[in-house]
Every structure is written in structure tokens, then in C-alpha cells.
């Protein structure tokens, strides 16, 4: 495992979430729930998601395990 | 996934919680509990919630998975 | 969801825990335990609680889900 | 809930763990385990504990829920 | 346990994830799921993984327990 | 509980992990798994472990509950 990773690190983007805003997403939470919808907005520690059922939810990033994203169809 | 996300990031709001203060909320905690009430105040790591039963609770943000919010009716 | 939340944020208190020090509390932990007692002191990441049984406990804030607090009777 | 908590905050100690170093402790972990022993040393995110069985363990603070402490007998 | 660890610390690399980008990985999540694929990109708190099934997933680092990595075959 | 802990704190080492690098370890993870091996290297949030079976694993520190360590025999 090489040690001069500084350069790679400096090119690291800050956050991928803004790149999937507006796409169809399936959000897997730490409690086992899966939320389908669209990411409307993003703050430092939270996101606002419009669910398929038309509800807005404030979700904390710390509660998200991973996100599956799709081009809208 | 494009890399120049810096601009988007700079426009990111700090926190959405203040925008739902005073609304009717349903808070989903990491322990599976759901707390219905109203967010009275917000600190860096905590919120104070008045529950439907009229109790004030100090809830740590780290314990919250997501929040459903409604216009008061 | 409006974006100029900076002002609201600047008025945000740092922490609510000091305001409930000395009150009767019921602390709900992430492991499901409930600890009844009184908050004696507060550090950056911990609190010292005197339980109803007269024991002092050092509790990490990260382990607390929420706190119910009461005026002493 | 009053808002001028700044002064209280400034008097807040950084960490209570050093004050219970050397005492007999019972450490309750997030996985349900209880470790009996004595805190030997403390770093930013870890502690070294000598267990009752004479083993040294490196425990991460993030894994600790709370600590019961006793004067050695 | 010696105390002058400052030098060792200064030589510490920031992050090992960039060194396994492009390799075949098996990611073990806190929810018990195992995701097989390849790490495509890395941000401060997230990674993008192309799964064996050809799906891109945004995974939060906080949800990862450990990663098994292999030279591609 | 005395309040002038500043001095103790300043003498606190940053991290104990480097002191057990190279020793035989048993790592207890938050998911209940136990990994036996040797810590090869340490970054800010991760460690690389060579398991007894000869596999290298990237383990996130946040997933570790505690580590039992032994002099190699």
C-alpha cells in the first residue's frame, strides 16, 4: 500500500449527493427502511426527499447506508 | 459523475431543521420509536420537541433517522 | 424551503443540556436502557448522572437517544 | 429554555474520563458487553483498560454507552 | 504503552481507500449486507461503487464495517 | 469531580493504535464479528489488517468496538 496519496486526495470531490439530485433514488436507511423518491435539496447533514407518494421528508445523512440512483424514466 | 461540484456546494444551506420549526412533525428515531409533536428549538446537536401529549423532550440529532413534517391543521 | 437561514443559525444556542442540569431526568439510551436520575455535570462528549439509586454514572452523549425532563417534586 | 448559555459552556470541562482513571470501573459497550477493570490510559478516541482477568484492551470511546465507577476496595 | 507517538502519527497516510480503487472489492455494511463490485470514486464521506450486476451505488463510509479487496482476475 | 483537567488532557497521547501495530490482535467489530490478525498500517479513519488466513482487510475504526492484543508467540 503506497503512502504518497496526498495528490489523489486533493483531487477528491467533496460530496457526490449533489450529482444525483433530481434523479430517481432508492435510499437504504440504517433501520432497514427503503425510501423511493427524488432528492430535492441537500444541507451539510441532511437531505430533503420527495417520496413517490408525494411526501417531503427530512432525512439525516448519518441514517443513510447507501443510495441506488436511476435516470428518470 | 462530474467533478466541479464546488459551486453547488457553496450554495448549500447549513441546516433544514429551522425551516420546519413550528410545524407538526413525526420524528423517526434509530431505536424504532416515532415521536409526534412540534420542534420548539434547535441547538448544534439537539432539538427540543413538544410532544402531542404536551411533554418537552430533548432529542439528540444523532438519534434521528428522518422527520416527516406537515402544515398544522 | 427558503435558503437564507444564516441569521436563524447564528441565534442557535450551543447546547440545551446545561439548561436541564439539576432537574429530574429520564435518559433513553441507544441500547434500550432508561436511566432515571439527575444530570450533575456536562463535558464536551459526556455527562455525569446521579441515578435514583444514588450511583454516579459517566454517560457518553453519543449513546443517548433522548431525555425526558421534569421539575423536581 | 433560556438562550445565554455561553458562560456555562465556557466553564465546561473537556472530559470526565481522566477523573476516573485508576478507579474500578464497569464499562457498558454498545454491543451489550460489560467489561470490568481499570482505565490505565486515555487518548483522543480510545482508552486502555486492564480487565479484572489481567488483560489489556484497547476500547474505542465511540463503542462505550456508559461507565459505572467505584472507589477501589 | 509509550507516549511519544507524534512522529508515527505524522507519517500516517490520510486514507487507504484510494489505494484500492479499481480493485475487486467486497464491502461489508453495518446492516449485514455485502456488496461486491469496484470502487469508482471517493469523496470525503462517500464512495461510488459499480456492483457486479453493473449498478452504480452511492455508499456512505459511515455505513461500511470493512472491505475485502482482491487483484482483478 | 474536579474541574482543572486541562493539564492531564495536554499530556494525552493522540492514539494508541500505532503502539499495537505488529502485535497479534483480535478485533471485535460492532456487527459481532471477531477478526484475528495483525495491524499492518493505520490511517486517520481506517486500519489495514492481515488476517490469520493471510487476507488483507481495510477496516474502518468506527466499526471497531475494542481490540485485544498479544505479544506474538
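Order of writing sets the chain letters: A, B, C, D, E and F. Residues in each chain are counted from 1.
Keep in mind that, in the parts below, a residue touches a chain if its C-beta (ideal position, glycine included) is under 8 Å from a C-beta of that chain, and two chains touch if they have at least 3 such contacts.
Just so we're clear, the structure is a prediction, and the values are computed from it rather than from any experiment.
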* Structure fact -> Residue numbers at the subunit D-subunit F contact, same meaning over half shared and different meaning under half, come out as different
* Farthest chain (mean CA position) relative to subunit C -> E
* Structure fact -> Taking each chain's mean CA coordinate, subunit B and subunit C are separated, in whole Å, by 17
* What whole-Å value do you get for the distance between subunit A and subunit D if each is reduced to the mean of its CA atoms? -> 34
* Asked: What is the distance, in whole Å, between the centres of subunit A and subunit F, each centre taken as the mean of its C-alpha atoms?
  -> 30
* **Residues of subunit B whose C-beta touches two or more other chains** => 1, 13-16, 30, 41, 48, 62
* Residues of subunit B touching subunit C in the complex -> 11, 13-16, 18-19, 29-31, 33, 35, 41-46, 48, 55-60, 62-63
* **subunit A-touching residues of subunit B, taken from the complex the two chains share** => 1-3, 5-6, 8-9, 12-17, 20, 28, 30, 32, 61-62, 64-69
